[in-house]
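As written, the chain order gives the labels A, B, C and D, with residue 1 at the start of each chain.
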Amino acid sequence: MTTPQQTTIAFIGLGIMGAPMAGHLIDAGYDVVGYNRSRPAVDRLVERGGRAAQSVAEAVRDADVVITMVPDSPDVEDLAFSEEGIYASAKPGTLHIDCSTIRPDVARRVAAAGAARDIRVVDAPVSGGEAGAKEGSLSIMVGGEADDVEAARPYLDVVGATVVHVGPPAAGQTVKAANQLIVAGNIQLLAEALVFLEAHGVDTESAMTVLGGGLAGSAVLNRKAAGMRAREFAPGFRIDLHHKDLGIVTAAAREAGVAIPLGAHVAQLVGALRAQGHGGLDHSALLLLVEQLSGRDQHG
Amino acid sequence: MTTPQQTTIAFIGLGIMGAPMAGHLIDAGYDVVGYNRSRPAVDRLVERGGRAAQSVAEAVRDADVVITMVPDSPDVEDLAFSEEGIYASAKPGTLHIDCSTIRPDVARRVAAAGAARDIRVVDAPVSGGEAGAKEGSLSIMVGGEADDVEAARPYLDVVGATVVHVGPPAAGQTVKAANQLIVAGNIQLLAEALVFLEAHGVDTESAMTVLGGGLAGSAVLNRKAAGMRAREFAPGFRIDLHHKDLGIVTAAAREAGVAIPLGAHVAQLVGALRAQGHGGLDHSALLLLVEQLSGRDQHG
Amino acid sequence: MTTPQQTTIAFIGLGIMGAPMAGHLIDAGYDVVGYNRSRPAVDRLVERGGRAAQSVAEAVRDADVVITMVPDSPDVEDLAFSEEGIYASAKPGTLHIDCSTIRPDVARRVAAAGAARDIRVVDAPVSGGEAGAKEGSLSIMVGGEADDVEAARPYLDVVGATVVHVGPPAAGQTVKAANQLIVAGNIQLLAEALVFLEAHGVDTESAMTVLGGGLAGSAVLNRKAAGMRAREFAPGFRIDLHHKDLGIVTAAAREAGVAIPLGAHVAQLVGALRAQGHGGLDHSALLLLVEQLSGRDQHG
Amino acid sequence: MTTPQQTTIAFIGLGIMGAPMAGHLIDAGYDVVGYNRSRPAVDRLVERGGRAAQSVAEAVRDADVVITMVPDSPDVEDLAFSEEGIYASAKPGTLHIDCSTIRPDVARRVAAAGAARDIRVVDAPVSGGEAGAKEGSLSIMVGGEADDVEAARPYLDVVGATVVHVGPPAAGQTVKAANQLIVAGNIQLLAEALVFLEAHGVDTESAMTVLGGGLAGSAVLNRKAAGMRAREFAPGFRIDLHHKDLGIVTAAAREAGVAIPLGAHVAQLVGALRAQGHGGLDHSALLLLVEQLSGRDQHG
């Protein structure tokens, strides 16, 4: 068995999520070579104990494992398929773990393209946000062949607290899409309930206590209700990103012929909030839209 | 201070919920006089150690506390306002605790009518279902004047695990309405997610594990997902009742000018399921509707 | 056969719609006795050639026909059922034509109460607005027994251009409810299309020409698109009234177990517009809400 | 000025819509060279007086005008961009009229690519269906530069009764998208109204008369209500195609940040009908879904 010191990990995408994840892998003893489009993030990785690469090709050339954490489907396509990309440069047998949240159909194409070049690909989108990345407590939903997922597990266990193999290639992305559907909807329902309670003059702090203890209880209620009651919408997870993700959900549901009436509805509401210029707020800002639609957004 | 033995409670409505609640009060030592429209329920209360009344008037005449647990708003109106009803027969100073789930505007009128006759009224709808009633572990959301709620608390503590004063008269009903809004929506979102995942060939058991551990986690997911995956829809809480409650929510939101886009949407879906003849199933049967809308209801 | 001069019509409710309708009946030679809650409207009727009554009872006592045109269901209930109301004072055999837009279930109860006192009742809500009332060109949807509807037809033909018997008592109200469902929805769809076209830089005047000539053509497009393009929202038919009517539609659909997904959805949007303080604008102001939801309401 | 005999038109896509359109151009005296993926359609064009081409390249090489009428965005992209496609083979100065219904963003790219090769491109999607194509009475919404649209007008006038220039390149597609949004929504609203009326026992034939005469009147009501009442759903315009078009609408609205709440909602319903296997029915079959959701689809 190899030790962490004998394993080289190329980590591509050192943003808010990627940087702390790469840091945890360094802490665990791995040899981490980082690449990021803007240079300062790479410098910070070097300070943290990693090595710098000048290009994707350089980063992956000698890597055993490639981890990617980039914003959107086209970014992953570009990394996978371009002439200077991962699959053009990596060794046969390399394990590619894509932690980005992207469209399941793109994940499927990427996995197939990898397989054709003897690259083992798993999709491993994460949930838990910046805090989860920093704490190494992410939930990770993993799609791929069983062998490949087992091969990826040691690395994922470093950054995540819950790592679950949910199915074949792209299944991780599908579960992440379902996650984003539920979360957006649960937030919107809580927002409707809060405005409804406020309009009826109810003490919402007490109400949250009793609602949270019964069948209406949820992680969204536990983590978001206080901020929503206080109108504090610093992200957290931005409306812009949730809007992107709901685009993935609705497209994947459409592709599969699955009706998601509430999902499609909340996607419109998230889109509206974004169109109004609130894309940078936390997704719990859906409360603002409910207030607006209820004529209750004028006060102070 | 009075002992339980010195306190007479009239308990009206000895159905699935009322009977075990009255039983707990007997066990706690109270003198419980029961009335129910059909006689066998009263006989069972007597076997349990209570006393029987032949009419509402007889039940409440000498009671210190009146607890009502009946199906719908008109039932409570009838009990409160009819010539042979509670307010015509109870002593001044009687405490009336209404545990039924009814319209907030009706609760407000009932409370005002009680006050006019020196009856102290609190609305105390419960959540937790038949199991919660049997275990004495209900969540109870209480509306009323602070003094009256404190007076009611000893009795409510006997039947509930979480008893929270949420605001003035009718506030309990308002919070219960919000509860039903959130629960129906969370179930529908989970149903959409499950059908979506199945259509994409994902292992939904694993998916529930990872979804339940993150921001998509909820009491609905914990308690309902397994039954939904197995298509087991024995109630639990019946679609018929949730349909009634969503009628309350939408009316109360309309009255207050509050927009509940997802709430109104899921109310339509619950109504559709009921119109299709599924009113007797558990509310988690919303899954059947998502399957039908996705053309996936033919198998088996 | 009686001449108009030999027929006395009590006309109750001399508002924006009722006053011109009563005026047409005077012009047609009928003996019209008017009553209205505020006196100036009665005085104007007298100037126009009618007679004044000091109360409902006085108006209907000697009338052959009673026509009512009042705002909402409770107004009609009050007129029909109160001790000083129509059915307490009218002669047996009187024909009561209710032109108000009210709940079908109330219309059904009113018709039954009339029948019990030998009053023949037809429900005859109108469409066409203030302009249609002034021109005597209303569309009138009539519910009732065939004989009674035939008896009512001569009077309705005076105020309407299209008078159609659509079914038993309350059927007229049901059709009016369906009318309001379609109209609200068609306006909202046109609003979405217009904002969509503007956002894409399309010449909406040309677009309306070509859309109006095909399957997307409608009375709503013909009569409302120009005003919507110019942001002119003087009523017309006020959001407040359409909100009331959509309350009728959703309640009647719920009662019948009929799914009206788009209807329920647009009812939420109309309610939102009203909650924002726009109840006094024409219903075509739904465009404002679409603009707001699209972040396009800031400009001038 | 050139005579029709001196103008060669390449017509690509000789399906249900394209064949009669090409026929009208032959009748008008133009030299029409046809190409279709399956040969029999080309043979029928030759019998009608046209000429046959073996490939796209052969068809367009000597053409003055190229008209395309194909099913979807990728078909147009393929025709425009492939190595054997139109822009690789047509003479500079050729006028390309695309009558297909495709995504506005694709139309924009096609127009730009044409301009780069000195091909003048107009998008000219049509409305009016097979009947309109046969009768030469289509409504045509045209996007493009003013000069190019004027150059295209003589040909479009041969196949359409209403030809309107609605804006710059892609504007025709945008207006067509708006058309499909309105039409789908108006059908759904009519379906809800019809089931609502039937459930209340109203004579729907009379109801359609009076609804059609007022503000609820529409081309959809005039042309579709009778078939919907009779449950006759032979296309007409197929659900499959409307589903495709609503995909275009929702994507284009999303791209522009425009909220289309009812549009997105009806897109879900059309998708559901298709998922249930009804993609081959006329779009008025949305009635079936409303019946199903109302538990009224069991009878006969």
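Assume a residue touches a chain if its C-beta (ideal position, glycine included) is under 8 Å from a C-beta of that chain, and two chains touch if they have at least 3 such contacts.
These numbers come from a predicted model, not from an experiment.
Trainee: Touching both subunit A and subunit D: give me those chains, sorted by label.
Mentor: B, C
Trainee: Using the touch rule from the top, work out which pair, B-C or B-D, shares more C-beta pairs.
Mentor: It is B-C, judged by the count of C-beta pairs in contact.
Trainee: Centroid of subunit C to centroid of subunit D, CA atoms only: how many Å?
Mentor: 38
Trainee: When the C-alpha atoms of subunit B and subunit D are each averaged to a single point, how far apart are the two points in Å?
Mentor: The separation of the two C-alpha centroids amounts to 53 Å.
Trainee: Suppose each chain is reduced to the average of its Cα coordinates; what separation in Å results between subunit B and subunit C?
Mentor: 39
Trainee: Give the residues of subunit C that touch two or more other chains, as numbers and ranges in rising order.
Mentor: Answer for subunit C, listing residues that touch two or more other chains: 257-261, 265, 268, 272, 274-275, 293-296.
Trainee: Mapping chain-to-chain touches, which pattern fits: line, ring, star, complete or other?
Mentor: Contact pattern: complete, every chain touching every other.
Trainee: Tell me, which parts of subunit D touch subunit B in their complex?
Mentor: 261, 268, 272, 274-277, 292-296
Trainee: Can you list the subunit A residues touching subunit B in their complex?
Mentor: 104, 127-128, 139-141, 161-162, 164-168, 170-171, 174-175, 177-179, 181-183, 185-186, 188-190, 192-193, 195-197, 199-203, 206-207, 209-211, 213-221, 223, 249, 252-253, 256-263, 265-266, 269, 290, 293-296
Trainee: Which residues, counting only subunit B, touch subunit C once they are in their complex?
Mentor: 247, 250, 254, 257-261, 264-265, 267-268, 271-272, 274-275
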